[in-house]
Amino acid sequence: MAPTEVAETLGARLGSRLLGVEPFPGTAGRVRFDRSGALELFRSMRDDLGYLHLSMIAGIDWVDHREVVYVLWSDTRGDYALLSTDLPANDAHVESASGIWPSANWHEREAWEMVDITFDHHPDLRHLLMPEGYQFHPLLRSFKLHEPEQLEVKTRNV
Amino acid sequence: MTEELTATEKPSDNPVLYVARPMATAARQFAKSLLRPSTIVYPYERLEDPKFREQVQVASGKPIGVGAVWDNYRGVHALNIATCISCNLCAFSCPDLCIEMVTVPGGDPKHAKKCPEIDYGKCSYCGFCSDACPEGCLTMTTRYELSTPKRSEMVYSPQKLYEVYRTKLPMNPIRLERPANEDSILLDPPLCIGCNACARDCPTQCITMLEIPKPTAKPGEKLPKRIWKEPVVNDSDCVRCGTCVSVCPKECLFWGSRR
Amino acid sequence: MSNVTLYSISYDLSHAVVFAVGSLAYGSWRAAIDSNAVVTTIAVLVFAVILLAASMLNTIVLIWYERKLLGRFMDRRGAMHVGYAGLLQNFADGLKLFRKHTFAPREADDLGFYFGPTAYMVSSMLIFGILPISSGWNSGALPLSLLLALVIFSFAPLFIFVSAWSSNNKYSLMGGMRSAAQMIAYEVPLLLAVVAVVLVAGSFDLSTIVYEQQNYWFWGPLVVALVVFVAAMLAEMERIPFDLPEAEAELVEGWNTEYGGMLFAFFMLADYLRALVGSILVVLLFLGGWTLPTWVPSAATSFPLAGIFWFMVKTYIVFGLFVWVRASLPRVRTDQLLRVGWNRMIPLALLSVFLAALLVSARCLPVFGCVPSLGG
Amino acid sequence: MSDIWINMGPQHPMTHGLWNLRVRIEGELIRDVDPEVGYLHRGIEKISEDRHYNEVVTLMDRTCYVAGLSWEHLYMLAAEQALHIDPPERAQYLRVLCDEFQRIGSHIMWYAAFVQDIGLMSPFLYGMRDRDLVLDLFQSYTGARMTYEYMRVGGVRNDLPPGFTHQARKVLDWLTDRFHEYDQLCLGSTIFHKRCDNLGVLSGKDAIAYGVTGPMLRSAGVKRDLRKDRPYAVYDRLEFDVAVADGADVTGRYLVRMEELRQSVRILRQVLDWLDHHPGPVLADRVPRWLGAPYAPVGQEGYLLKRRFPTGVGFSSVEEPHGEAQAYVVNQGGEHPYRVKFRSPVYSNVSAARQYLVGYHVADIPPIMGSVDVCVGEVDR
C-alpha cells in the first residue's frame, strides 16, 4: 500500500492532527501525527487499516524534544507501518495504546522508565527492567555512562 | 498445516506401545554408548587434538565437527614483540577498552616502544584487535585455559603474550584485506605549524617533513610564527593508525579521501 | 551353610568375645559377664552394626550404579574420576555433605525440622532388619515379616510431611502435601498386589514366600499384580515418572528444599534405601528371591554365599529397570497421578487379587511349574 | 484454602535464566501471574550509543546467547539501512546460512531445556550433544562457539574454510536422523501427551493482540513467518514451507519447532549448494573508512565534523528462532549510532503470560514457560 493511500484513509479521520505520511523503505510509510489525535489514530489504524499487531514502541530522546515510534504489522496487508509523534521534552506525555493493543503494556512501561515519556491512562505504569524506586531515565542523552549513579532500591516482602 | 507436519507420526492408541517407544529409544542409545559415549573426557582428551578427533570419529562413527574446526579459534592472543610497531590500533579498536599500551624495552631513545597489555578479565575475544593489527604481530591462538587464583594474573603483559607466541600454538590464519577505498591522512595546510609531532610519533616512519618556501610577507601582514615544513604522508606505508591525527596540536591533519 | 543365619553368626561372634573377656575376669564378675543376657545384647548390637554397614554400603553402591547406568542412557559416562570407574565418588560426596554445616531456616520449627529426616532415615533402615537376604540370612523367622516391612515402609509420608511443614517454605509444603497424597493413594494398590502374592504363597513370612517359589516364580501367575506392584512401588519410591514431591522443575527440590549438609544426605540415603527395599521386595515376592531355576547348572549355586550373590544380582537388575524408566519417561502431573492411582491402579489390583484367588481355588498353579522360563 | 503468592525465580529451575514469575496459587491451581523481568538488564541499547557501528556486534551475541547470529543479522540489516550500504550477495547467503544453523542450534537447545522441564532426563543430553555439532560448525568459520562476532556492516568477516560445505552436509544428515529420535521420545510417549496436550492454550486472536510471535503464534494456526511475508536477505530465492499447527498448545509449539528444524535443514541444503558454486567477495568494498571496520580509532570525533556523512534511519525485522525481532537504528552522522532500539520476541511472549498460564496447575508452569522458550538475555537486553 502506498503512503498516499494511508494518508487518505487517515486524513479523513484525523484532519489536521495528521502531520503527514513519509515513505519509509520496507514499510507502508511513516505516519507523523499530533499527539492530540493519538487514540483516534490508533483506533483507525487497527479497525480501518487492519494493523492488529503492535510490535514495538521506541522512545527517542532528541534532547530538545522526544519522539515515540510505534511499529505496527498487518497480516492482511503483509507490511509494517511506523507511527511517530514528537513530544516536548518538558511535557512528554501521550495517550496509552494499551487499550487498543494489549501488547503495548510492557513497551510503554519500558519507554516510560527509559526515556521518561508518560503514557496517560496506562493501567500499570511502573518499573519494568529497572528496580523499583529507580530515579533515573537511562536512555536520556543526559544520562552519561561511566558516571557513578546513586541508586536506592526498595525491597519488597511478598 | 504443511504436508510434512500432517505426515508426522501420530502415536497409536495402544497404551502399552506408548511407554514402549521412548523406552526402546533410550535402550538403543544405551546400547550405542556402551562402547564409547559421546562425551569428551576433557582434561585428558582435547577437541583441538587432531589425533583425538580421529579416534572419536572412528569409535562412535559420527561427525565431530569440521576438520579445520580449531584453525580459526579466537583464544588468548599471541604477540610478536619484535614486529610490533606500536601503532596503537589494537587499543583503538578494542570495544571493551581492555588493551593498554605499555612501554617495553627495546625502543629507540626518541620514542619508547609500546606494546599491548591485555586484561583478560575484560576481554570479550571479539578479535577486532588482531583484525586491526597491520603487521600481523598480534594474533589469536587456540589457547583457552586462563583460570588463575589471582585476578591480577588475568592481565597479560606484552612479555607474557610473547611467551604465548613462542609456544607456537596454531594461530588464527584469517587476515582481513584492507578496504579498497581506504581513507588517507590529509592536511589542512593553513593550520599546520610544522611542529614535527606527527612525523616524530608515526610508528611506520611514513611521514616526512618537507620544507616549504617561506612566503614573503606583504607589507602590513604578519607572517604566522611557525616552522616552514609540512608533513607528507606516504600512503603505501601508512597503516592508518591515526596517531598523527591525535597528536597534531592544531588539528590540521584529518581523514579524507584523496579522490 | 543354609542353617547359618546372620543372627547366629553375630551371636557366635559375641559369645566368643564375651567368653574371652570373661575368662580374664574373676568370681562373680565372671558369672555376670558370661551370662546369656549380656551375650544376647551384644549379639543384637553386632547384628545391627553389620546390618547398618551392609545396607549403607549397598545404598552407596546403588547410587553409583544408578549414576553409571543413567550416564550410559544419556550418552555420557557418569561418575568416573574418584576411584576405579568413580566407585568412590559417592563416598567423597558423602564426606563432603558430612563436613558441611547443618543449619535450619530462621522461621523453621526446629523440632520437626531435625526430627523429620532422622526418623525418615531410621524408619527406612528398620526394614532391613526384617528382609531375608538368603536362606536363613535374616533376623529370625517373623511370621508376619512382609506385613511388618510394609507397615514400616508406609511410615515415610508422615515424616516427609513433618519435615516439609516444619521447614516453613511454600515449595516444601507443597512437596510434602503431594508426597502425602501420593503415598496414601498408592499404598492401597501396593497392599492389594501383595495380598495376591500372599494368597498364592499362603504366608506372610517373606522366607516362606520365597520357599514357595521353589517350583515357579510368582511373576508368571501374578503378572498383573507384578505390574501394579512395580508401578505403585515407583510412586512410593518417588522416582520418575512419579517424582512429583520433589519435581525439580516446579518445586525446586520439593520437600527437601531447605535441607543441606548431613540432613540432606539423610534424605538422599533414605530415598535410595527405600529404592533398595523396593527392588528387594520385587525380587522376594515375584522373582524367587535367592533361588535359581532348576535348569541352571548346579555349579552356579554351589559356591559359598551363592544365594546372596544371585539375590543381589536380581535386585540390581530390577533397580536397573527402574533406572531405565527414569531415563526415558517424563514426569506426570499430580492430578493425573492421583487419578491413575485411584481409578486405574486399585481396580487393577483388585483384579489381580481376584485372579490369584481364582488360580488358588482352581488348583491350577502347578501348571506354571512346567514353564521353564518361570524358574520351575 | 486461601491464596498464596509464590516467587518462581529469580533463582528457580523453571526460569532458565534470571527472571521472576510471581504466581498466585490456590492449592495447585494458578489464579494469577505477574512476570517480573530486568534481572539481566545490561543496558545494551545504552552501551550501543557509545560504540562504533561494528562494535555493537559484540553486544548482539550477548543479547541472546542461543541465537547470537540471528541478532547480529538483525542489527546489521538495520545499520546498513541507516548507513546506506548494500552487502554483497555471497555475504547475504552466508548470513542466511548463519541464521538457519542458528535456528537449528536454538531449537535443539529449546528441546533440551523443554524436556528437562517435563522431567525427561536423557533427551536433554541428546539435545546438547547434537547442538554441539552445530557449534563446531560455527567455530570453524566464525572462530567462537557462542559469541561469534562474525558479521560486519556491509557483509561478514570472512569466508568459509575449505571443506566446510561437505562437513555441514554430513552434520545435516546426522541431525535429520536425530529429529526422528526426538519425536520418538516425546510424541511417542503417552505421558508426554498427557502433560502437554491442551496446555497453555493461547488463541490466535489473543496472540496477535498481545504481540506474540514466532512458534507460539504459528502453533495457533496463524501462518506468519517474516521469511515468507517480508523476505530479507535472500529468503525469497529459497524454497521452504512455513510450519504451523492448530492446537495453540504446548504440543503444537513442539510440532512447529520440530517442523522448523526440518525446514531449516531443507533451506541449508539449498544455501550450501549455492555457496559451493558462487565464490565472491563477502564484504562490501564501499564501506566508509570510519566504520570499515576494525580500524577506526575511538575518541576522535573531531575528524568526523570536518566531513559530512549521510544520516538515516534503519528499521529491520528478522524471524529469529524465538519469533520476530526488530531493530531501529538512528544514524545522525556520527561514528556512533544515535539511538538503537531492539524489539525482542520473547519480551512480548512473556508479557502475555497471564493469558496462557491462569487456570492451569502449578506443575504446568514449567512445560508452558518452556514452550515459550524464554531467553532472558533477550527480554532484558
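Here the chain labels run A, B, C and D in written order, and each chain numbers its own residues starting at 1.
Here, contacts are C-beta pairs under 8 Å (C-beta built on N, C-alpha and C of every residue); 3 or more make two chains touch, one makes a residue touch a chain.
Since the model is a prediction, treat every value here as computed from it, not as a measurement.
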**Q.** Chain occupying the middle, per Cα centroid
**A.** D
Q | subunit B-subunit C separation of Cα centroids, rounded to whole Å | A | 61
Q: Would you kindly tell me how far, in whole Å, the mean C-alpha position of subunit D lies from that of subunit B?
A: 26
Q | Intercentroid distance (Cα basis), subunit D paired with subunit A, Å | A | 24
Q) Can you give the whole-Å distance between the Cα centres of subunit A and subunit C? A) 64
**Q.** Contacts with 2+ other chains: residues of subunit B
**A.** 19, 22, 25-26, 29, 38
Q.
If a residue has to touch 2 or more other chains to count, which residues of subunit D qualify?
A. 122, 126, 129, 185-186, 189, 191
Q: Please give all chain pairs that are in touch with each other.
A: A-D, B-C, B-D, C-D
Q.
Applying the document's contact rule, which stretches of subunit B touch subunit C when the two form their complex?
A. 19, 22-23, 25-27, 29-30, 32-34, 37-39, 41
Q | subunit D residues within the subunit C interface of the complex | A | 4, 6, 8, 12-14, 28, 115-122, 124-126, 129, 185-186, 189, 191-192, 194-195, 361-366
(Q) Which residues of subunit D touch subunit B once you look at their complex with the stated criterion? (A) 51-52, 54-55, 57-58, 122, 126, 129, 132-133, 136-137, 139-144, 147, 149, 157-158, 161-164, 167-168, 170-171, 174, 181, 183-191, 193, 241-246, 255, 258-259, 262-263, 283, 285-287, 289-290, 292-298, 300, 302-303, 306-307
Q.
Looking at the complex, which residues from subunit C come into contact with subunit D?
A. 70, 73-76, 170-171, 174, 240-241, 243-244, 247-252, 326-336
Q | Touch list for subunit B against partner subunit D, complex | A | 1-5, 8-9, 11, 15, 18-19, 21-22, 24-26, 29, 38, 62-74, 88-89, 92-93, 95-97, 124-129, 131-132, 140, 172, 174, 176, 179-183, 240-242, 245-246, 251, 254-257
